[in-house]
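In the two complexes that follow, subunit A is the common piece, with subunit B as its partner first and subunit C second.
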Partner chain A sequence: MSSIKESEANYVNPRGIPQAPFVEKVEDYVQSRDQVESILKSFQDMLQKYKFMEMSTLRREAGLKEKIPDIQKTLDMVKFLDASCNTDGELESITTSYELNDTLYAKAKITPRDTVYLWLGANVMLEYTNEEAIDLLSSKLKSAKDSLESCKEDLEFLRENITTVEVNTARVYNWDVQKRKEDREAAELK
Partner chain B sequence: MPASPQQRTTVDLKALSLQQLAEIKQQLDQEIEHLSESFQKLRQAQAKFEECIVTVKKTSDSANEGKDILVPLTSSLYIPGKTTEIDTFMVDVGTGYYVEKDSKSTILFFTNKVNTLKKNLIDLETVVQGKSQNLRAVEEILQEKMQANQANAPQ
Partner chain C sequence: MQMLPAGQENKDTEVSWVDQQKINAFSKLNTRMSNLEDEYEAQKQEKEYLDDVTMEMELIDEERVQYKIGDAFLYLPQPEVLERLEQDIVNIDTAIEETESKILLVNNEMDDLKKYLYAKFGDSINLER
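Moving on to the complex of A and B:
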């Protein structure tokens, strides 16, 4: 392992994903043909782990992609309510349609007011003043966007490493095949 | 003697080789799975429409005009408001069209949808049953052949 740079072998990305070492010279990893199998197995294990992480990151990314437009819409709504609340001398009511069911909408009358109710999930709903709601939603939106960015980074990093491990496996395997040929030829010569 | 399946060309099942029988079995399995999935989805859609009908009936009940409700503006934002025009509903009739209807027509619309789905479900069920019958016949013959092979092999 002497030719592998120490920093490369221990590099860990911001989310704690270790970098896969690249096999420059197969002989550094494998001294004899017996070790080939255990090396190949450990590469396979690494590959499995990387692929598993890729799956979970993909799922996280998909969830975030869904949530972000929702949060954006809610934020815009609160801003709109806040604006119509502040500019009107007397608050005029708005008639709106709301979703009763998947394909069914009904009408309701609302008056802009200084508080809104936000559904936080897990059967929890809180009343917030318009400003608090705008702050909360903006920060939620920002953290969701940041998470999405880091998910994308992670995915790229993972894909790189998966390729590295696959290339490693191929190199070790080829080296093994070549060794086998050499051994066979040497045996025939005797 | 199991009769050959009617939907296909009348190939006698017994004349088919073991592999072909296995292939047919796989194909039938897949088809039945697909059809059962569609069956489930149609059932779910039907349940949703029936729910809509109940909701419409409750909301348009005249005692509910001007009642206080929490109006959902988005999936996580609610605002207190009052019900208004309780007899008017907007229905999504597909392809991005929404039609304003009164409660009677809305109930009628959904009832028609439920009935159409009911008919489709019945048809689908008959098809699934036919396929399972075929599958059973194929499995039987497959078993027979395997047993016959085993009987021949030791010789």
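Moving on to the complex of A and C:
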């Protein structure tokens, strides 16, 4: 185990995902042929853990990708309402076809005011002034985009480690095949 | 990406930590590239839709048209809708440009890595899609 680089072996990324150990020289890493099987198995375990993390991060990413357009839409609407009640002191009513239910639209005349109601989830809705609503939605949008970025970063990091482990596996395996062949040839010479 | 096929003779190429990092970087960029390509396609499509709808909107002979904001359609004066569409087009153009420059960057990095890795590992490594 001496050939694993210590500093890199202990590295974790900002979300605490550990970096996979890298096998520098197979012959140092594998002290005897008997170890090959257990080493390959430990790589297999590592690989599985990384794949599992990859799966759950992918799910998180998909969730965020759905959430971001939703926030964006609400933000767009609040901005529009705010703009249309700001333009002139006189409040002009807006005619809209709004979605009453899935695929069912109804016509409504609304007068924008300086407050809106935001659905916060968990059966709670709160009244906000337009300005506050825009601030709130903007910050939610930003944090969602930030976590999407870190999701992507994690996925790339996981990908890197999966590759490392796969290459480790291939090299230890090849080394073993090579050794077997040498043994066989040595035996034939005798 | 793969290393030696099982059973083939190892051609004595040592994989150093630097090499490994380069292989990882390539793999990472490869994934990033395919994501960027998807994004680019989607943006192109969106741009096409916007162009078409702007064309229609210039010809339409109605005072108010329904423009979608969020999940609702709003009856807006036609000139205002045109204005909004123009803004949408500007936005998507910027987004497309951004994606294009990212793709270019990733491409260049990948080419450099390819040169290095093929020079070092030759036939033992396959970096094509």
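Rule of thumb we're sticking to: the second predicted complex is superposed on the first by the 181 of 190 C-alpha atoms of A that agree within 3 Å, B and C clash if a C-alpha of one lies under 4 Å from a C-alpha of the other, contacts with A are read in each partner's own complex, and residues count from 1 in each chain.
Everything below uses one rule, namely that contacts are C-beta pairs under 8 Å (C-beta built on N, C-alpha and C of every residue); 3 or more make two chains touch, one makes a residue touch a chain.
Every value quoted in this text rests on a predicted model; they were computed, and no experiment measured them.
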| item | value |
| --- | --- |
| Partner chain in contact with A:T74 - subunit B first, subunit C second, else both or neither | both |
| First (subunit B), second (subunit C), both or neither touched by A:K190 | neither |
| Touched partner set for A:T103, first subunit B, second subunit C, both or neither | first |
| Subunit B versus subunit C as contact partner of A:M125, first or second or both or neither | first |
| Which of subunit B and subunit C A:Y117 touches, first, second, both or neither | first |
| Which superposed partner A:T95 touches (first subunit B, second subunit C, both, neither) | both |
| Those residues of subunit A which subunit B touches in one complex and subunit C touches in the other | 73-74, 77, 95-99, 105 |
| Contacting residues of subunit B [partner subunit A, same complex] | 48, 51-52, 55-56, 59, 69-86, 88-92, 98, 106 |
| Subunit A residues within the subunit C interface of the complex | 5, 8, 22, 24-25, 73-74, 76-77, 80, 94-99, 105, 155-156, 159-161, 163-164, 166-167, 170-171, 173-175, 177-178, 181 |
| Footprint of subunit A on subunit C - complex, ascending | 1-4, 6-10, 14-17, 20, 23-25, 27-28, 31-32, 64, 66, 69-75 |
| Subunit B contact footprint on subunit A (complex, rising order) | 70-71, 73-74, 77-78, 81, 95-111, 113, 116-121, 125 |
